[in-house]
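Per-chain numbering from 1; labels A, B and C assigned in written order.
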Amino acid sequence: MFWKKFLHNPIGMIGVVVITLNILMAAFAPVLATHNPLTINVAQQSEEPSAQHWFGTDEFGRDIYSRVIYGSRISLYISLFSVLVATFLGVAIGATSGYYGGWMDNLIMRVMDAIMSFPAILLAIGILAVLGPNLSNVVLALGIVYTPRFARIVRGSVLSLKEKEFVEASKAIGNGDAYIIFRHILPNCTAPLIVQATASLAYAILAESMLSFLGLGAPPPAPSWGNILSDARNFMMDNAMMTVFPGLAITLAVLGFNLVGDALRDVLDPRLK
Amino acid sequence: MESLLSIENLEVSFHTSQGVAQAVCGVSYDIGRGEVLGVVGESGSGKSVTALSVLRLVPYPGRISAGRINYEGRDLLKVPEKQMRKVRGDRISMIFQEPMISLNPAFTIENQLTEALHNHRKMSQKEARERAIEMLALVDIPDPAKRIKDYPHHLSGGMRQRVMIAEALLLDPDVLLADEPTTALDVTVQAQVLDLMHRLNERIGTAIMLITHNLGVVAESARRVVVMYCGRVVEQGPVKEIFEEARHPYTQGLLKSIPKPGGRGKLFEMEGIVPSLFELPQGCPFNPRCPQRRPECAQSAPPWREVQPGHHALCWLYA
Amino acid sequence: MSLKTILKVEDLTKYFVVGRSLFNSGEVVKAVDGVSFSLMQGETLSLVGESGCGKSTTGRLVLRLIPPTRGTVIYQGQDIAKLPADKMRKLRSDMQIIFQDPWSSLNPRMTVKEIIGEGLRRQPELSRAQRKKMVLEMMETVGLRPEHYDRHPHEFSGGQRQRLGVARALIMRPKLVVADEPLSALDVSVQAQVVNLLARLKRDLGLSYLFISHDLAIVEHISDRIAVMYLGKLMELASKRQLFAQPRHPYTQALFSAAPTTEVGREKNRIILSGDVPSPLNPPKGCRFHTRCPLAQEDCGQLEPEFKLLAPGHWVACHHPLND
């Protein structure tokens, strides 16, 4: 039923195609790349696109096409893992908070509100300033920033699900809280979680690019879409093409995840059925 | 009794992704001036859809595909929408099961009651309010001049249903379609509301079509009863005959399966379940559950026969 | 019927606090207020009353699905209101519940096998094959077919889902079953099937029922004794025969007279109560029913009547009982 509906949603299918291409690009980067993305070639600085360098070269003479291809690895890696971290923390926090309720619920949710009240990027910058910029810290920072969204969604679902009679029935049989949460409550929260996760992947790609652009993301010389863009910015006046390709890659990836997210929302949201 | 509103061969179908569901299939019955007609049936019998069809309010994806609804010499299914709006709420009005969702929570009782008077009767605010207060008093709302300023959430369930009845009767309609009006209410409050509807019927002479699944409510309130099953009228007759000498095996089964006062032991069980409208059985839709089925029941549709004067059944037993 | 008491409830009370926040201490809903009754082995005791009278809350308190504010629930000699959680869990299989809503009471993501078999999870000594056998036997007992074994709840009708709920409860081999309005979501023609099923299982398995309902016709059919609740308190408790022949509490009388019957044309002395049930947030002082009671006198609004024995087995909480 779900797949039938989803496959009939043209918007969602476009999104799926875009995302699949992205993933393939990351997986087969060594095959697709024409040059080593790190090789510096002083003789070919800041060149326009050509048959040899499809997207041109940057100020160190590195091949931008190859850098964009490899960059997808870091972008996808960071967005995927930060969303995983956020989902895990959010589910744990939201489920405990919603299921047990009381003052602890109040406290936890106020902390979540506090996190949400900061602009996401600002908070991530703050965390990275404390932890120091490296790949796993970027994942952690973005994970923390996105946790409240998941926690709220899960808590909301848990609050309504825990009143359901099948939960009471399970209690009456003698089952404990952990079993009830994992067997009866969480499986029924998956729909809104999937929607939120896909939408968050798009945000995370964007956020990673911004952080890299600000020099807080993947440390150079490793290529990520954000730092390719950041490098290109200095030469925008001379060679505008340098900024176009990483920008396009970011746009497409974000678009892909957003389209899938919207389609999933349409398919999974019971209110629209 | 003079017929006021008559439904003739009504067919309503719902076109869904699972296929076409024939919710109402050739339904005909009429309601006399000032009469209380009970329409009983279980879920999926088409009793509510028929009532909604009278006002042409069948919800999407439902469609009235055939039939006539005769009222004052016209076929309401053919009247232009603009004139239909004058019929709705004015000549024929309707109340629903859940009074909370039928009242708009953002407006006071006064707003909701006077709106119809402005629109249909072009009354001034003062006149309209007076009429509304009079109507609230008629439905036993205590202190109506004060309660009229309340919002729906200030009122209890029983009060809300009375406000709904007041609203429905504001314009002195000929017919009130009451769709499960007491199902959401407690027993003691249900008794109040039924008693009220009775008194109003006698006093203002509005005909009431009382649609319900509760056989007791029908037995006590209606003069004539229509029994529906799977989108068809299976039996129709005076209330006493229906409850004491039911002719259709479905009606008989339904009556036998409710516990009797002082009764003990095993209740009569009807076989099986109400079939899905997407896969209705061939012939008589009741035949797989019928204790008196015959070979012809599974082959062709049963005939509509008068079994006693004014008492009809849709069954092969009386062919 | 043996006269062994299986359950004894005394002064059972549940107050809920609503609307409490940082700046507001909230209001107290007296959902159940000092209810006492006992249930004999093999008996069906019905709790009847209108919405908000606390009958469902009482059912849940009896099973300790929610903790009581005050009072004792003595099940076979043990006060389960005070039992530690681990001991309570062991007792759980003895008492089961059947719910009103056959839709929200079944987890939509589980199959029949998982729903019914869930209760066997805590019996690790059972092999997979034994479990399957037990589930299939229970399915047969409640009238489900073996081919339903792997289906999901949405593939069933309301009546079949209710059977599924009954099977889930009974596979635990309970001695006491709380049935919380198990029929009110079902079509009339299906209600009879479930009533008969419950009656047969009671006989075959020696169950005791606490049957919660607002449908008096069914209550009269199924019960041995009946307790009438109003706004969190018991108004009257007696055997079915006593109660229907001679109700002593004006509320019982009004409730019974208000219930529509299918007897056409019989003159009824219907007592139509005025007004609605007051809010349990702020129940009337004195007798809780006095604001609607047609026979209320001055003292009814001041002093709360005691729940006392008027005749053998006939308890009433009224200052001026009928036929006195």
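The rule is simple: a contact is a pair of C-beta atoms (placed from the backbone, for glycine too) under 8 Å apart; a residue touches a chain by one contact, two chains touch by 3 or more.
This is a predicted model, so every value here is computed, not measured.
Chain-to-chain contact here is organised linearly: an open path runs through the chains from one end to the other. Counted by C-beta pairs in contact, the busier of B-C and A-C is B-C. Per-chain CA centroids place chain A at a distance of 54 Å from chain B. Inter-chain spacing, taken between the CA centroids of chain B and chain C, is 32 Å.
Computed from the mean C-alpha positions, the centre of chain A lies at a distance of 50 Å from the centre of chain C. Considering their complex, residues 164-166, 168-176, 183-184, 187-188 of chain A touch chain C.
For chain C in complex with chain A, the residues that touch the partner chain are 60, 63, 65, 89-90, 92-93, 95-97, 99-101, 104-109, 118-119, 121-122, 165, 168-169, 172.
Per the touch definition, chain B reaches chain C in the complex via residues 42-43, 156-159, 186-192, 194-195, 213-217, 219-220, 239-240, 243-244, 253-255, 257-264, 266-270, 273-274. Residues of chain C that touch chain B in their complex: 50-51, 157, 159-160, 187-193, 195-196, 199, 214, 216-218, 220-222, 244, 254-255, 257-265, 270, 272-274, 276-277, 292.
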